[in-house]
Structures are given as structure tokens and as C-alpha cells.
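Okay, so subunit A shows up in both of these, paired with subunit B first and subunit C after.
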Partner chain A sequence: MTYVLTGDSAPLSGFAGMRAKVTTLDPRMRIVMTALYAVVVVSLSNLWVLTSALGLSLSLLALSGLPPRETLKRMAMMDSFIIFMLLLLPFTMPGDAMFSLWGLEASWQGLWRAVEIALTANAVILAVMTLVGTMEPVTMGHALFALKTPERLVHLMMFTIRYIDVLREEYQRLRTSMKLRGFRPGTNWHTYRSYGYLIGMMLVRAIERSERILAAMKCRGFSGRIILLEAFQLRRADLLFAFILGAALATLIWAEVHYAAT
Partner chain B sequence: MPLLDLQDIHFGYPGLDPVLEGASMQLQPGERLSLIGPNGAGKSTLLKIIMGLLTPTSGRVTAFGKPCLAEADFHDMRRRVGFVFQDADDQLFCPTVAEDVAFGPLNLGKSKAEALAIVDRVLSRLDLTHLRDRVTHKLSGGEKRLVTLATVLAMDPEVLILDEPTNALDPDNYARLTEILTGLDQAILLVSHDPEFRAKLAPNGYRLVGRRLERT
Partner chain C sequence: MHIVDGALSNPVVIAGAVAAVGGIAMGLRSLPLERIPAAGVLSASFFVASLIHVPIGPSSVHLILNGLAGLVLGWAAFPALFVGLLLQAVFFGFGGLTVLGVNAVNIALPAVLVGLAFRPLVVRGSPLHGAIWGGIGGALAIALTTLAVAVSLMLSGDEFILAAKLVFFSHIPVMVIEGLLSAAAIFLARRVKPELFIDARRPLT
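Then we have the complex of A and B:
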């Protein structure tokens, strides 16, 4: 059923809408390979090997057919979360002095560690974006289910996908009606209280809606299990892709071991 | 034998005034009844009691000749009674239209292939085949309404219960819905504030006054 969400006919949004070449591959294989990729890259520590891992991620990006500029911009957005840790690391790790700033010593070891973390994080996030991020959320839910993820978690995810928009619209409607009655947020109790009411009202409505949804599901014979209409197929192209990526990962591990020995 | 038979239903939400005191009604095979009453009179409550979503403090619900007492009895009756909710967003919870229509048949124990065949059959019957692979939350209000009807008809119910089906429909979709519903052979219990729609579909029925049902 999900082919309709990744195919040409469905109106797509966001990242998945860019219709990457990689979307034709089996989603289950993509999830498994991404997990494997992340584990391997996180366990690497040699800077040269990590740089080649980032290179591998970049070639995945080139293969995926995603627009490189937007994708790299998204990757940089993730970097903004860790930038402060990276900047502080040279000052907090003891080691050989590099330079001193306002009496604080920066160490070479800290710098290398920061570079290592930055390379690892970017290589992994880029691979996740190209292999998993190109998947429609619903496809991902179905693929996770096919990979034996607990049913409850998958359903939780599917319901979130389905209702997040409804909740957002509800929020927008309430906000609009507040605005139309002259509400201007400021730093005062009236604003805090009004936002409190807004959030409270959304919670109450969400709970009531969930009860109505359950009632509607029961009326259609729901008895605790949702049966998913989905069948994935592992094709030759999938196996080939998995094999090549696996070989590349094996090479990275070999290089890491090789460098550690010398 | 009436399809639905309510005898002397009493009900009140905890801590509030009673909503129903001795409400009784029957729905015969092939009959189309409307249920009217002012806002907050307890129409939706009554529908929930019929479907076993609320338990009355006293009184008896009998469906298809069998008394419905415990949740298990209602499991059986819910397969034969189709309920269309007031807010379509409450009913359409699957990502795509096809999956949502297949949900009911799959619950009835149909195989995936059978369920998909039912999906195609129901959608083509309602002339909605073009919506088959659409994402449910991106449908328009009118499309959502027609799809909710399809999800219920996919279970091939003997009785249809409709809660304000014409709410916020444009004239085109209103006409479509009227046409579809008048063409069905199921017994119908309709809750609607729209006199014109009632006159077309179910001119007779019950009025909820003073916590009781009166035949109109």
C-alpha cells in the first residue's frame, strides 16, 4: 500500500517529496543497513578512516539523487546542536597545550576528539538522511513492523503521523480565534494564562478525540490488533546495494584495525 | 423482529443530571427513521448506548433479536451495524483511503486479497475510485464524508447509523450523499438537524423530548 506514498501519483511533502532514486530500494533493507552503518561508523576512531566514512556518506548522497545543497544544509542544522560542545572540548580535555585563551589552555587531544565527534556525527546523519530520511513516514512504519518492531510502537508512530496535522490545525484554529479577539502575546500574566488555557484546551480535545477514534474503531470491529496491508519484496537491486555497502563498511573496519596496528 | 430494540433505557453521566429516563425505540428491517431533538438532548448519547460504547444504568438493548449485555455481545452486533461519526477525522485514522476502507473487512477476518477486492468494489460503487490511494488527512471535507460512508459500507452492514452526515457539506457533495443514501437498501437511523435532508431520507422517526423518545 505504501508504494502509493512514494510513487509518482501521491502528493508528497518535505524531504520525501524530492523523490530520490534510493526510494526504489526495499525500505527494510535501508533501515537495517543504516543501523549497521551507524554502529560501524560510531565505533571507528581513526581520523583518516572517519574522513573516508564521511566520503562514503557523501557518495551515498550523490547516488541517492537528493539535492546536495539542501541536504547538506540540513546536515549543518544538526551541527548547530553540537557546535558548543565541539568548541568547548579542546578547553575541557587535558593534554598537550595548543594555545591559551584568557588563561584557559586548549589541548591538541581535545581538538582531535572534537574533530572525531564532528566527523562521526556528520557521516552518520548524512547516511540516515539519504537512506531513511527519503522514506515516507508511513512506509517507515510499515517497514519497522515488517522488521518485527513491537506492534504498539508502530501503531503509536502511525497515529502520530495521522493526527499531528489534525492537532496542528486545531492549534491554529484556536490561535486564530484568539488573535481575532485582539490577543497580543506579551510578557504578562494574561499571556501566560491564555497560553496555559490554549495548551490545556488542546490536551482536553486530544484526549476526547482519542476516545472518539477508539469508539469509531470499535464500531468497525476493532479488537486490539490492526492488520497492516503491506508486503515488501527484496529484489536483486536491494541485495546488490546491501552487498556493496556492506563491503564498504568491511573496508572501513579493516582500515581502522590496520591503522591501529601501525 | 426489529433490528434494533431499545427498552426503557435510563442513563446519566456521573455527577450530572440524567440524560435519558425510560427511552424506548424500535427499528424494523428496511425502515428509515430520523432521530431529532435539541442540542444536548442526548441524541449522541443514545447512539453510543445502541453501539455499546456507553452502558445504560438500566434498560435493555436488543440487536437482531439477541439481547446485548456484555462487550462480547456488542462485538457481534457492531459487525452488522455501520456507524458514521459526526467528525470524519475521528473515523479516518489510516494513512490512505484504501487502508481505511480495508480496516473493517480485515477486522471481520477477511484476507488481504479479499479486503482489497472489497475496497475496489465499494469505492467504485460510490464513484470514489479516484480517491483510493489518497492520503486521508489531505482529503476535502466532502470527500472525507463520502469516504467514511465507504469505510462503513465495506463491512456490508444491515443497519446504518448516521450522526449529522450533512454537516458542513457543499451543495454538490450534499446531493451526492443524498443520492447514495436514498439508493441504499439498509435500514437507517439518522440524526440530523436538516429538515430538508430528513424529508428526503427519513421523514418519520423519533423525537427526544423530556429524556424520552416520542414517535413523530
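Then we have the complex of A and C:
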């Protein structure tokens, strides 16, 4: 189903065989632990402790059975978005001079701040991708509902997840027909207008599709409630995993406090 | 346009999360269950549209289209765009987890504001008239979003002021493109299916 979400090439079902270990754990526990993990890592500031946090995320990646190269590539893509902001920091943060470039002073403090942000961002997003991103999107919806997320928000998410693939295929069909008519994108008014019409057409088709969906749902006795079926069980392995990860986080906090004191 | 974990100060992150919860609650209140299929399908189309790369000179930009989302969905754009950001963070690794609230406010609040202010103008008059206002709204939403990103960076520390300014000025071409695209999209939608811009609170017939 939702292969747009989990990778451009392979349908999600192809991934299933590879994702063996973390995926057997309770999704609710994984979501809660990920949130806890993010909060703890964001509150850390010592560079050595943050490096160990990134190491912890990498070991989670190894444990998750996700293809490491593609996952790290995806993480690097996020880094490419923030690299400019990070490169600017040494020059904009006052502190001890490191070197000067075209009359601009770069400071050590700025460099360390940039490294701190990069480590935090990567450690958190890697943990999110390995612990939560390995779930079936639909399972994530059910687990969020089990964790008391408002019902309508979950339904909205489920519909979004369900139709991302459908609409992407529709987008590609429209693009193909544009290509067949000789459309080649460039920096000109014609391109922007054509893309605009493309998006407008997608919205029109989307709303018409949603009318058909609602009619089909009503036909099957839709009464204003959608039942979310999925029974989650907290097993011993889940508790063990939560305990080990919790202990690791506690160690990180301890190390941070310890370093701060010295 | 996504801010990552670790860059912002705690007060900004917490304020963003609280504001996002409020915005989502407002959005869900204006969303009866009957409208959820429509909102979900539209939310999915905005997710797909954000994957489109539009050429600009030698480079390309990817679309956000939050202004258009606000015009079509109204307050419901808040939860819809939040869902998109959540899915992007979890499955694509864009953005972060603790900053999800800040990112949602930065992108969805301008969408809602533009939607509330411009929807009456977009629905009225000829399709061309609606398209012009829609284009202005689309560009304004991006301008407000970059401004919000800049403000959240600046509130977190003086060292981000330069980065914040760069974020704003480097996005001016994006504002123009989003404005043009939104105008064209609205022009087409107004001619093909004017009901697209009816009040989102009204149940579908």
C-alpha cells in the first residue's frame, strides 16, 4: 500500500521480511519511548553525551532491520537542508576566535553549537525513523488512537495515509498525459500555469473522489463512527525493551549531569 | 522550511506545541465526521503536491501550498497540515519530533489566516478575480510562514538572526511561484468545480 511513505521504489510489503526485530514490539510502547527519547536527547547539551546518543540511535537502526544505507541517506538529506544554517553559526555566534574568513570571525562556541544541533537533530530523527517509521502507517494510526489521540485526528490521518498513494498515481497519470502532449518544464509562465492547472485538477478530482467515498461509506451503513480495530498487547519483550532503552536514557542524563558538574 | 530538533530554545518549543494543540482542536471542531473523507483526501493531495518540484532557473523548489490548503479547508487545514508534517517526520525523516508543534504552527497558522481572510474574495466575482486574490493569498501564506520560521529562530537566540534573514530573503522566489501556481489552480477550480471553496463546515450533499 503506502509505498510513497516508506520508500519510492519498493512497495511496503516487500520491506516486511526485512523488518523483523523492532516490528514485533508493541507499537504503543515504541511511540511512547520515541517521544521520551526525543525529549531526553533534546535536553542534552554535552557533545560527548550527544555523540553517545547518536550511537544509541545507530544501534537502534541496526536492531530495526531497516536498510541502513537508505535510512542514513534519508537522514543525510535532512542534513542538507540545515547545513547552511549550521555553517553560518560559527560566524554569527560571539566567542573565542577560531579563524577569520573574508574579515568574518568564526568562533569556537559557534562551531560547538552547530555540532550540538547536528548531533541532536540526527539522533532524534534516526530514532523516530527506526522506532516509529518501521510501522505500517495504518498501525501507527491505531496505536495513536490507543494512546488517546482524538478520534477525528486519527481518522483524518488514516484517510490521508490511504489516499496518498492513490493521488500520487493520479498525479503521475496527469504528468504522463502532459508529457505526451509535449510539456517540458522550464522557468517560464507556461510551466507555472500548467503546474497550477495540474494542482487545481488534482484538487477537483480529490473532492469528487471524496464524494464517491462518502457515498460508498453511507451505502455500507456508515453512521458517523469508524471502528478502529487492533488489539495491542504489552508482552514481556516489550517491557524488557522499554526497560533497556529507559536505562540507556537514564545513563545519558546521568552522564550529562556528571559532565556539567565537573 | 522544516526546523530540526535541538535548534530552538525550550520556551519556543513548548509555546509551539501548546499553540499547535489549540490549532488542531479548533480545526477538528470545524470538521464533522461527514467531512473527514473530503478533508483526508485533500490533505493527501497537499501531501503529494508538496513532493512536486517546480523548476526555477538552474535549480528547483518544492511546493508547500499552505495558502491553497487554507483556502480550500479553512480551519481544517491546521490538522490536515499537521498530519502531513507528522508523516513526513516519521517516514521521510524531515523535520523533527519535539519541533513538530512549532513547525505545524509555522505552516498551518498562515494557511488558516489566509483561508479566513481570502476565501470570501476567492469565491466572489469572476474566476479571474478569484484567481488573482487566490494568488495573492498563496504568496502571502509563504511570506507569513518564512516570517514565522525566522521569528522562531530569532526568539531562540541572537546567533540565528542572520540565518533567519537569509531564510526570509531566499524564499522570495518561492513566494512568487506559489502565488502563480495557487492563482492558476484556483482559476481552474473555479471554472471546473466552484463548490470546492464552499464553507468546509457545511456537510456534503
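In this section, the second predicted complex is superposed on the first by the 234 of 262 C-alpha atoms of A that agree within 3 Å, B and C clash if a C-alpha of one lies under 4 Å from a C-alpha of the other, contacts with A are read in each partner's own complex, and residues count from 1 in each chain.
One rule holds for everything that comes next: a contact is a pair of C-beta atoms (placed from the backbone, for glycine too) under 8 Å apart; a residue touches a chain by one contact, two chains touch by 3 or more.
Please read these numbers as outputs of a predicted model, since none were measured by experiment.
Residue contacts after overlaying the shared chain place A:M75 against subunit C, while subunit B stays out of touching range. Within the superposed three-chain model, A:M201 lies in touch with subunit C and out of touch with subunit B [touch as defined at top]. In the superposition on chain A, A:L229 contacts subunit B only, with no contact to subunit C.
In the superposition on chain A, A:I161 makes contact with both subunit B and subunit C. In the superposition on chain A, A:R209 makes contact with both subunit B and subunit C. Once the two complexes are overlaid on the shared chain, A:K179 sits clear of subunit B and of subunit C alike. More residues of subunit A lie in contact with C than with the other chain of the pair subunit B and subunit C. Contact with both subunit B and subunit C is seen for A:M217 once the two complexes are overlaid on the shared chain. Once chain A of one complex is fitted onto chain A of the other, the partner contacts of A:V124 are limited to subunit C, with no touch recorded for subunit B. Counting contacts by the rule stated earlier, residues 4-5, 158-159, 161-163, 166, 209, 213, 217, 226 of subunit A appear in both its interface with subunit B and its interface with subunit C. Per the touch definition, subunit C reaches subunit A in the complex via residues 2, 4-7, 13, 24-25, 28, 31, 33-34, 36-45, 47-49, 51-52, 54-57, 63, 65, 68, 72, 79-80, 83-84, 86-87, 89-98, 158-163, 166, 177, 180-189, 192-193, 195-196, 204. Residue ranges on subunit A touching subunit B, taken from their complex, read 1, 4-5, 9-11, 138, 158-159, 161-163, 165-166, 209, 212-213, 215-223, 226-229. Subunit A makes touch with subunit C in their complex at residues 4-6, 34-35, 38-39, 41-42, 71, 74-75, 77-78, 81-82, 84-85, 88-89, 91-93, 110, 113, 116-121, 124-126, 128-129, 132-133, 137, 140, 150, 152-153, 155-164, 166-168, 171, 185-187, 189, 191-197, 199-204, 206-211, 213-214, 217, 224-226.
Within the complex, the subunit B residues that touch subunit A are 48, 51, 53, 75, 78-79, 81-83, 85, 87, 89-91, 93-96, 98-99, 102-104, 106-108, 112, 115-116, 133-138, 151-152, 155.
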